[in-house]
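Below you'll find the structure, written out as structure tokens, and then a few comments.
Which chain is which? They are A, B and C, in the order written, and residues in each are numbered from 1.
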Amino acid sequence: MTDALLDVEHLTMRFGGLVAIDDLSFSARDREITAIIGPNGAGKTTVFNCLTGFYKPTVGRLTLKGHDGERHLLERLDGFRIARAGVARTFQNIRLFPQMSVLENLMVAQHNMLMRASAFSIAGLLGLARYRDAENEALGLAEEWLRRINLVESADRAAGTLPYGDQRRLEVARAMCTKPVLLCLDEPAAGLNTRESAELNDLLLDIRESQGIGILLIEHDMSVVMRVSDHIVVLDYGEKIADGEPEAVRNDPSVIRAYLGEEEDSTLPPEVADDMQSDAGARG
Amino acid sequence: MDYFIQQLINGLTLGSIYGLIAIGYTMVYGIIGMINFAHGEIYMIGAFIAVIGFTLLEMAGLGFVPLALLVVLLASMAFTAAYGWTLERIAYRPLRGSFRLAALISAIGMSIFLQNYVQLLQGARVKPLQPVVTGGLTLLESEGFVVRLSYVQIFIIVLTLVLMVGFAAVIGRTALGRAQRACQQDRTMATLLGIDVDRTIAIPFVLGAALAAVAGVMVAMYYGVVDFFMGFIAGLKAFTAAVLGGIGSLPGAMLGGIVLGLVEAFWSGYFSVEYKDVAAFGILILVLLFRPTGLLGSPEVEKV
Amino acid sequence: MAEAVAVKAGVSRFDLPQVLKEAALAAFVAFLLALPLAGLHLTAGDQGAMVVETRWSWVAIGVVAVFVGRLLLAVLRAVRPATRLSSGVAERGRQRFAAYLPYAAVAALIAAVALPFLPFSDRYIVDLGTTVLIYIMLAWGLNIVVGLAGLLDLGYVAFYAVGAYTYALLGTTYGWSFWVCLPVAGTMAAFFGILLGYPVLRLRGDYLAIVTLGFGEIIRIILLNWVAFTGGPNGISSIPRPSFFGLPFTRRPDEGEVPFHEFFGIDYSGEHRVIFLYYLILILALITNLFVLRIRKLPIGRAWEALREDEIACRALGLNPTNIKLSAFALGAMFGGFAGSFFATRQGFISPESFVFIESAIILAIVVLGGMGSQTGVVLAGIALIVLPEIAREFAEFRMLVFGGAMVLIMTWRPRGLLSHREPTVRLAPRGKGAG
């Protein structure tokens, strides 16, 4: 047991005969961005789904150090309890509440706090001060995040009508409104243009600096991964093939092999190759 | 023991009928992921057409039973299929791509409409039908209790078997079946590949209606009465059968129908007739709780 | 999508041969549909045996009507080519309309309060108003379940029945008064809601619909067959009528009771009770409405809507879907129970016949036609669905036929209901800059 924020030990997930994740161990620290990368089908999203309770891992232990240093064994908790323990996530294909307003999306994220304050709606129905204070506090937090993602003007718009990039950032902000200790982002840069992608990078770095939480990131976009992450875990066919700082991982022969394939002349997907090249140049 | 066998026979007969109706639910659900709420009404229409057909033939003096049966079966299937097609065209197609509740509600509206339509046209009273096929086999006789297998029951069970086998062949081996499965999995892709999606979606409604019509003919012969309200409970039970067998699965629908028919027969035979519907719905709830994918359904993996 | 566009484009140009072909096809299908059921009529013959009469004229009328109707539809579409507003324009139009809603609601409320004293009001109209209000109250209750939480409940009438029988049994057996029984009936209904909801709320939408439908039938069958407890098909009669804070509405009261008319020194009139019942249900319905309007703005209300939008996202945010659904189900059931006990005291007699599936369908239709989640829409739809058939009573036998047909047409025309505009439940306080 380490003092890490999240310890994943011997995580294995089987679907029938298919082994999606095989004996994976890694850890993530707070104030760090940990990226999980790997070719398509390497099992990245499955790791997330195990972490956030959508799947029950076949084997393994997932320990989270919660808000007050208390340890939670995530593999034993229901999905919504994991969220309460301090793990927030976003989804590969955005899952906002499309008909509800932007502000309402952020308020739903603070449901548990508000529910307690409203004494299961009774204080709320009676309009007691204790509930109104809690609601104002929640509105304050929501407004703060709206400012960070620059959406104050759109607070009353239906979330589903926002441009794609704004929806992405709103989903991150919504996750942050649950006041997590660990934020899991599933391909947050997917489908974003260069400008939106840069905005997202800034948001992630801002969260790491100002909130002091850990971020776990699945990403295909190497420019994002190399620029923001402190620590990279590389998966291939459900197994960990590398784990370390970006510089080390980039030069790891097994990583290059996983992306390039075994044979000499098989081609790297062009965008990945370009990203890795340009990034190596930019850094070095 | 004799009583048991008699209930077994009754249950198999009833189960065949439920199974045939259930196929309509399961096919429609398979392709558009929605419950065809008006399917029970389609079955009721099939039964009405059967009674009208038999009565007409009797008036015309057609005494040769196998021919009469064939004519009525085909006529009922054809006309009822037209109702199935219209149902899809009016209540489902305009709402395709709209949100799910809308289509379900328009189907409920259609169900109410068809019930009242038949009531207005044919009257609210129960319509009797003279027995078309009489007689049967005596299987066992002991202690004054006779186990009988009537010719109607044989007819029902055998015809169901034949239809099932034929149907499985059609869905499994032909281009029609392939188009169905393609639309099930990815409608946009199917369109791009040149499959006529409108037609492919209409076909389960039409085929399901034809099978429901067969069930309607059987029920009219078996019980000898039809009324405009009969589709409601039968539809509900057939849906239960479809869920029990695993919705989306054709053999599952048949198996579910048989299981439900048996449960109902034994429940009526050994416990109480009044609560047989309660038993059927109780099963539905139990299945959904403990095995929501049904007996033969494949588990759904939640996509996140 | 592409096909839909293609179809639209094809229709908006008027292509006579094509239109004639389509109309002919429609007429042919109509012929197939009409031939067996309209053309042939099964009836009892002279000797008692069933005979089939022919009604070819009916078939001809049907076929011609469909042919002409299909032509007219095509002409209409060509003359007024689909004036599809851009979504922005449509949204602004809806917002402008929504701005008038509060005034309309106040006007409706004043009209509802004044109804019994309007010059044209008579016993029949007040009675009809009472019926409409029962349905509106039920629909407001069901709106929690269907409109807000997005759970399709087709057995809502079961909770209405539980409320009605709770009051009827307690009132006739123990002589409990309406006011004591009202909360008990609501609690009982909520309890049944939880009893049913707990196991089935994990199910997907359509399954839930069928299970609730089955549950509604189970309750009805039990009411019908448990004769010793519920009176079976004969129902329960002489259910105590409500009193005005202890003052009964009778001409000759029991020993020691002062009737309403004597207390207020007015002449006895049978209408007093009718008017009293009307105001009673008006108050109950308004309480329901206020409750729903208020709870929608609380965390639980937002959680219902969030759950309707995306259950997986809800779980990822730490919301417990089962509890949230259960609360919607129980509260919806509770209002059904309240309405049920009112129904029992109003009728004085209840039987399982009042609690059939079609009642659930009507309540659901009111919710959906009104615009799911819209409280004002429910009022409009309630009036339309209950009053219009009542006005057209000479066509009573066509009532349900038209009702079913209207459900189909309105869904095709406006799948999201008459009033589908949604106001956010919370806004930023207008401090600071641009919180608009």
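Quick note on the criterion: contacts are C-beta pairs under 8 Å (C-beta built on N, C-alpha and C of every residue); 3 or more make two chains touch, one makes a residue touch a chain.
This is a predicted model, so every value here is computed, not measured.
In terms of the distance between Cα centroids, chain A is separated most widely from B.
Comparing chain C-alpha centroids with the centroid of the full set of protein C-alpha atoms picks out C as the closest.
In this assembly, the C-alpha centroid of chain A lies 44 Å from the C-alpha centroid of chain C. Chain centres here are Cα means. That of chain A falls 48 Å from that of chain B.
Taking the mean of the C-alpha atoms as each chain's centre, chain B and chain C sit 30 Å apart.
Taken residue by residue, chain C touches two or more other chains at 312, whereas all remaining positions touch fewer. The residues of chain B that reach two or more other chains are 302, 304, listed in rising order.
Across the assembly, chain A contributes residues 54, 91 that each touch 2 or more other chains. Considering their complex, residues 52-54, 79-81, 83-84, 88-89, 91, 95-101, 103-104, 107-112, 114-115, 118, 120-121, 124-125, 135, 139, 142-143, 146, 152-153, 155-156, 158, 174-175, 178 of chain A touch chain C.
Listing the residues of chain C that touch chain B in their complex gives 1-4, 29, 32-33, 35-38, 40-43, 49-52, 146, 150, 152, 154, 199-200, 203, 205-207, 209-211, 213-215, 217-218, 221-222, 224-225, 312, 357-358, 361, 364-365, 368, 372, 397-398, 400-401, 403-408, 411-412, 415-416.
Considering their complex, residues 291, 294-295, 298-300, 302-303, 305-306, 309-310, 312-321, 422, 424-429, 432-436 of chain C touch chain A. Residue ranges of chain B in contact with chain C, taken from their complex: 34-35, 45, 48-49, 51-53, 55-56, 59, 75, 78-79, 82-83, 85-86, 90-91, 94-95, 97-106, 108-118, 120-123, 127-130, 191, 197-198, 232-233, 236, 239-240, 243, 274-275, 277-278, 281-282, 284-285, 288-289, 292, 302, 304.
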